[in-house]
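Chain IDs A, B, C and D follow the sequence of writing; residue 1 opens each chain.
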Amino acid sequence: MSSANLSKQAVALPTAPMKKRSPWVAAWKSLRRNKAAMIGLFVIVLLIITAIFAEQIAPFGYDDQNLVNRLQPPSAEHIFGTDNFGRDIFSRIVYGSRVSLQVGFIAVGIGAIAGGALGAIAGFYGRHADNIIMRIMDILLAIPGILLAISIVASLGPGLTNVMIAVGIGAIPGYARIVRASVLIVRDQEFVEAARSVGTSDFRIVMKHIIPNSLAPIIVQATLGVAGAILSAAGLSFIGLGIQPPAPEWGAMLSEGRQFLRDNPHVTTFPGLAIMVVIFALNLFGDGLRDALDPRLKQ
Amino acid sequence: MSAEKLLEIKDLCIHYITEDGTVKAVDGMNLEVGKGETLGLVGETGAGKTTTALGIMNLIPAPPGKILQGEVIFEGEDLLKKKAADIRKIRGNKISMIFQDPMTALNPVMTVGEQIMEVVQLHKKVSKAEAIKHTQDMLELVGIPGARWVDYPHQFSGGMKQRVVIAMALACDPTLLIADEPTTALDVTIQAQVLDLMKRLKDELNTSMIMITHDLGIVAEVCDKVAIMYAGNVVEYTNKENLYRTPRHPYTVGLFNSIPSPDSDEDRLKPIEGLMPDPTNLPSGCPFHPRCPNATEKCARVIPTPIEVTPGHFVKCLEYAPGGLH
Amino acid sequence: MSAKNLKKLTLLLSLAFVAILSLVACGTTGSTGGSDQNTLTVAVQGNPGNPFDPHNSNDSATSLLNVQMFETLVFQTEDLEIVPMLAESFEQIDDVTWEFVIRDDVFFHNGEKLTVEDVAFSLDRGSTSNLVAEILGMIQEVQVIDEHTVHIITEYPFAPLLNHLAHPAASIVNKMDVEEVEAAGGVYGLDNPVGTGPFVFESFSSGDRTVFSRNENYWGEAPVFEELVVRTITDGSTRAMALETGEIDISLDVVPAEVSRMDSNPDVELLRRANLSTNYIGFNTQNEYLSDVRIRQAISYAVDTEAIVTHIMENIGIPAQGPIGPNVWGFNENLHQYDVDFDRARELMAEAGYPDGGFSLSLWANSETQARIDIATNVARVLEDELGINVTINQVAWSEYLIATENGEADMFILGWGTITGDADYGLWSLFHSSSPAGAGNRSFYSNPEVDRLLELGRSTSGDERLQAYLDVQEIIVEDAPWVFINNGEVIAGTLLSVQGFVLNPTNAHRFSNVHFE
Amino acid sequence: MHKYILKRLLALIPVMLGVSLIIFTMMYFTPGDPAAMMLGESAPPEQREALREELGLNDPFWIQYGNWLRGIVLEGDIGTSYTTRRDVADEIMDRFPATLQLAVSGVVVAVVLGVPIGIISATRQYSIFDNVSMFVALLGVSMPNFWMAMLLILLFAVNLQWLPSSGLNHGFRSLILPAITLGTGAAAIIARMTRSSMLEVIRQDYIRTARAKGQVESKVTNVHALKNALIPIITVIGLQFGGLLGGAVLTETVFSIPGVGRLMVESIGQRNFPVVQGGVLFIAITFSLVNLLVDILYAFVDPRIKSQYK
């Protein structure tokens, strides 16, 4: 018996003076102790605040052009400098947080809801439904994510909505697998049998028992998925398939600034940093969340 | 104590320091094992038996485990003061260990032969061919065809795996064998076979043994002396006869009362009230006092020391201390 | 596995890595440029997107490569002068008949002698090809007169025929070779195109490079170097860096962002020459709002082409004065200019009934061309700020862009047109004649009977009458403002200082055979 | 084992059919006209219509798909590029070596960096090395690799001029920056996975058994633990390889490397459907074969899995 197990076992002894608390409260308590995760959460909250109050925070509009003032290095007036239209890069990054958050959350929402539903159906009904759904997921997984996204955006056309759909579709198989796995574990447990024996409808069983029990892994995957979605969208923008100008998407800013990389690296440095900080924060938080929600993985 | 001392544990303290608090797994423990003797280490889950065994091998995982103080004197030398390289020469060689769960004690991606050979080659200067020969002999010794040395653990049953573990533990003729609940994970019928095998081999090889168990039946069957552990402490320590005839510590008495006995008239067992205390938050005074039928207010205040009640029979209870319970 | 094995594994992986890399090194020992005087390495932006068949290719990357291998009857010099090439002499016999005498000393790369049969075959083939019909479609018949003479008969009087015959699409191929390949069911120009030019095709690696060797039996002056490598380097700054590091000798397609840097680099020579292109913002004249000439004019007044050329195009080219550039034959230098004038623009909007704008238009640009996206970004902002027109930018792939501009989906769109023949007809007919479908160039759906008449007149007359027709037509077009005329482009290249004798051709048909190293 | 591999290969067929159908459907609904692309901006509509007819673009969906499929099954012909008129297979094979070199060198960098860092981090959990390398690994995961590529170019190619900025023409030297770009992200993921997998394994009873035998710590880690930790590590390496095949799209763009990824992007832009279909199918098959290889590797690492492959 290793020490970790030992201490856990000891704690688990019923006489131990422990309050009975919900696993979510426990997870939050454990998360609170995780400094890295808290830093991540702080950055994410900051980002959300930035997105909400972009108008108040940004000193300029995201498309306020001034060609004469183009490609200025950082200064007191333009702390991140200006781009090739003389637009304030700081303001564009501030407004860009809206785009990134939208892409991140909506794409993950699409992936999690569609994938979750498919996974739940596959796991709950098994047999044919399972077979068909999971084979389709295999097919989607056989195409590298970015290529799938590029093809989808090509067929739907560029623009924010379609980028979100494309990235979301790419994420479906991941969620489907997770939910299916949890459903398979939960499905045959006694409380589900019990619910079924008193004639509860399938839909109710899924909603009441199965979904709540597979929520933890979905939340972890979703947090890390938001990071992935933001990166994918930036990648799509980078090859010109993303958001339409003049929308201040960070990946598009990187792509547009690439031609000035040599003489005016500030045009690309700041959007690059913005992406990195946000992804870093989401990863920190996601890792912490995973440790908190899934003690088995805790190290 | 009749036999020559092989192992002596003095005032050993091992704590686990975790986020949830400090677990005093072993707290001021004293123990002796003589040459050729079998000592039974008995206690409930979490009493610190396994930690004691790991402490002897100096295998406490650190962090979170920490040996705070004490000595483990083996053949006259303190193992805790030895360098890592020196202690490795003892592990698996002079002192070897049989672990509780044979299912997980074997490396699943190595053949059993490789795993037995590993210990042979580590400690004996032999050629590869000799090592293989020795490995096969060891397997035969525990009743497994030598030819199966190329098989992987998953190809064996639980009982067979434990035999492999035993073969591995005995491969270098250890002077001290620590068996940590070697039969707990096995079916009852297999348990007897394995136990018999161990007893036989121990006698053949004249090995000393520490038998860790919570089963007083096993103690009766194989041990010479017995140490009863409770909450990181030895509460009673004597030879088997003394213990079975005159158990002194209230905990030991409680343990005996909770075993069904065929020649008893009572139709109800008397389990010990309550459960093991939270190891991060042990009660003051005697750790057993909250559950002790005889406890007094003094028990909550004073930490008892071992008292030699009769020669060779040590009990850690205020009842036997000068001044008694009050 | 033991600890030793782990080390071995790490070692093995590292070795594998090195092995792969050295394999790569052996596979592509193409590190040319700079020091090697026997190889000329040129980098271009595009990957050849068609087979090496002059009659079945129309993208500029393929054309440039074809020009090195194939030749035409006449050649248009960098001064846009028509000079003989495969034809020794030529002469117009009547309105529709031209006589050409073919050189006697020309051999194809496969050793076959150039004959009049090859000429007739090639021009027939070109005139019926889907891809180059707009260049050669007017040729009705090529008559073989004798061993050295052919007559080219056009369907209608066609003044700029010589310019068209100088176009790479009018290249002469080897009849026997083409027929052999096509008879076998193959596509000509994939493996071994055979021309008469100074370079012989060696190999092609898609996305990477095309390699040519010197034509040792060239009828003209053979190149001094042995090998020509034309590489595709898509990214503009990467291309510039490759030149600066001496990895390539010549970089074509220098992008705006690199021009000033390259200009100030003492190790590199920057070559610039006005080309024959006009970049423009086209209006869909059938759009509810844009059908009103006043709104088109208002937008023309609001768009600051000076600023666009200075800041967005990095001073590449000059602000355009009309639909064709100053170096195109027939250019009118006295056209009305829509110099930026927001008051006049707002006045016109008010006259049209939209003093505060208040309507929406879509502005399209293709995602492959950064400059167009940048222009769109700027123009959208200006129109919204100054005229209150709400402009949405649609940035789409080229193929989708073509469709959207053809079916009228795009209200405004940014495009360029190269008058590669150097003659006004080519620069105006397809774009403004009402019979010319959108797909052929009239994406504005522009229709003006007077313009039609003048364009027809220009095709069938010659001399001053022809010139006057074009001068007049440009005035009408500028007045009607179906386009915002942005700039007349430039062809820009950078070369290492050691590269001498390279001349940029406004038609983009740059020939590398005269280059020598110093 | 042979039977298992055969079974897996057969199982690939329906998946690849599915992949081709999905890609075909997406391309079918992609706006834009390949004929317009081929004929250029000045071709009249009749010509274009004729070309569409010739290419079969006017046929109903199922007939187009059927024809394409028949070409593959009966003649092994995956089509002809609309633009270059070359065989799609030639087109892809021209480009594939570059992509493969990128992906392989990226994986090698990732493994050579990631696995040892993960092992050391696990064996010295919570040490400075562990904390620093896990921090850096997380940074590596968070950095968009096209941005990293730009920074590497700026530093090593533009400012220091040590390494070429583009192409694969300088052998070893030209692969360094792309391999680092592709490799670091994957290295970070592999390091994290190695660490957690090792931590999981180090806690196992058989590791204690090995220590109880008197085995030296390095062998306990590198023999007993690593071999057991290898399954998830191999899995993630396999997935990363697939990711690199796809992720090469961006790297190829930044470094101007003529690989399959860029061919795909260009062809999608040109509506060059045969190349897109062939290319995606090709990449999907490569990816699936790598996964199969990973599954076969499992058997060599873990005898329990081997016994299931019968």
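We take it that a contact is a pair of C-beta atoms (placed from the backbone, for glycine too) under 8 Å apart; a residue touches a chain by one contact, two chains touch by 3 or more.
None of the values given here were measured: they were computed from a predicted structure.
Colleague: Hey, which chain is the most central one here, using CA centres?
Modeller: Ranked by how close its C-alpha centre lies to the overall one, first comes D.
Colleague: Going by the contact definition above, tell me which chain pair has the most C-beta pairs touching.
Modeller: C-D
Colleague: Quick one: point me to the chain whose Cα centre is farthest from that of chain C.
Modeller: Comparing chain centres, B lies farthest from chain C.
Colleague: Once you find the CA centre of chain C and the CA centre of chain D, what distance in Å lies between them?
Modeller: Between these chains, centre-to-centre, one finds 36 Å.
Colleague: Between chain A and chain D, what is the gap in Å from one C-alpha centre to the other?
Modeller: One centre to the other, that is 22 Å.
Colleague: Could you grab the centroid distance between chain B and chain D? Build each centroid from C-alpha atoms only and quote it in angstrom.
Modeller: 53
Colleague: Would you give the residues of chain C that are in contact with at least 2 other chains, written as numbers and ranges?
Modeller: Within chain C, the residues that touch at least two other chains are 235, 241, 367-368, 396-397, 400.
Colleague: Multi-chain contacts only, two chains or more: what residues does chain D have there?
Modeller: Within chain D, residues 31, 158, 205, 208, 227, 253-254, 268-269 contact more than one other chain.
Colleague: Would you give the residues of chain A that are in contact with at least 2 other chains, written as numbers and ranges?
Modeller: 2, 4, 154, 157, 258, 261-262
Colleague: So in the complex, which bits of chain C are touching chain A?
Modeller: It comes out as residues 235-237, 241, 255, 257-258, 261, 307, 310-312, 367-368, 370, 373-374, 376-378, 380-381, 392-397, 400.
Colleague: Contact residues on chain D for chain A in the complex?
Modeller: 14-16, 18-19, 22-23, 26-27, 29-31, 125, 138-139, 141-144, 146-147, 150-151, 153-154, 158, 196, 199, 203, 205, 208, 242-243, 245-247, 249-250, 253-254, 261, 264-265, 268-269, 276, 280, 283-284, 287-288
Colleague: For the complex, which residues does chain A have touching chain D?
Modeller: 2, 4-5, 135-136, 138-140, 142-147, 150-152, 154-155, 157, 227, 231, 234-235, 238-239, 251, 254, 258, 261-262, 265, 268, 272, 275-277, 279-280, 283-284, 287, 297, 299
Colleague: Which of the residues in chain D end up touching chain C in this complex?
Modeller: Residue list for chain D touching chain C: 31-34, 36-45, 47-48, 50-51, 80, 83-86, 91, 94-95, 97-98, 101, 104-105, 108-109, 111-112, 116, 157-158, 161, 164-172, 174-175, 218-219, 222-223, 226-227, 253-256, 258-259, 262-263, 266, 268-271.
Colleague: Using the touch definition up top, name the residues of chain C that touch chain D in the complex.
Modeller: Answer in residue numbers: 1-3, 5-6, 10, 13-14, 16-18, 20-22, 24-31, 47-51, 56, 58-59, 130-131, 133-134, 187, 189-190, 205-208, 231-235, 238-239, 241-242, 245, 247, 367-368, 396-404, 406, 415, 430, 437, 439-441.
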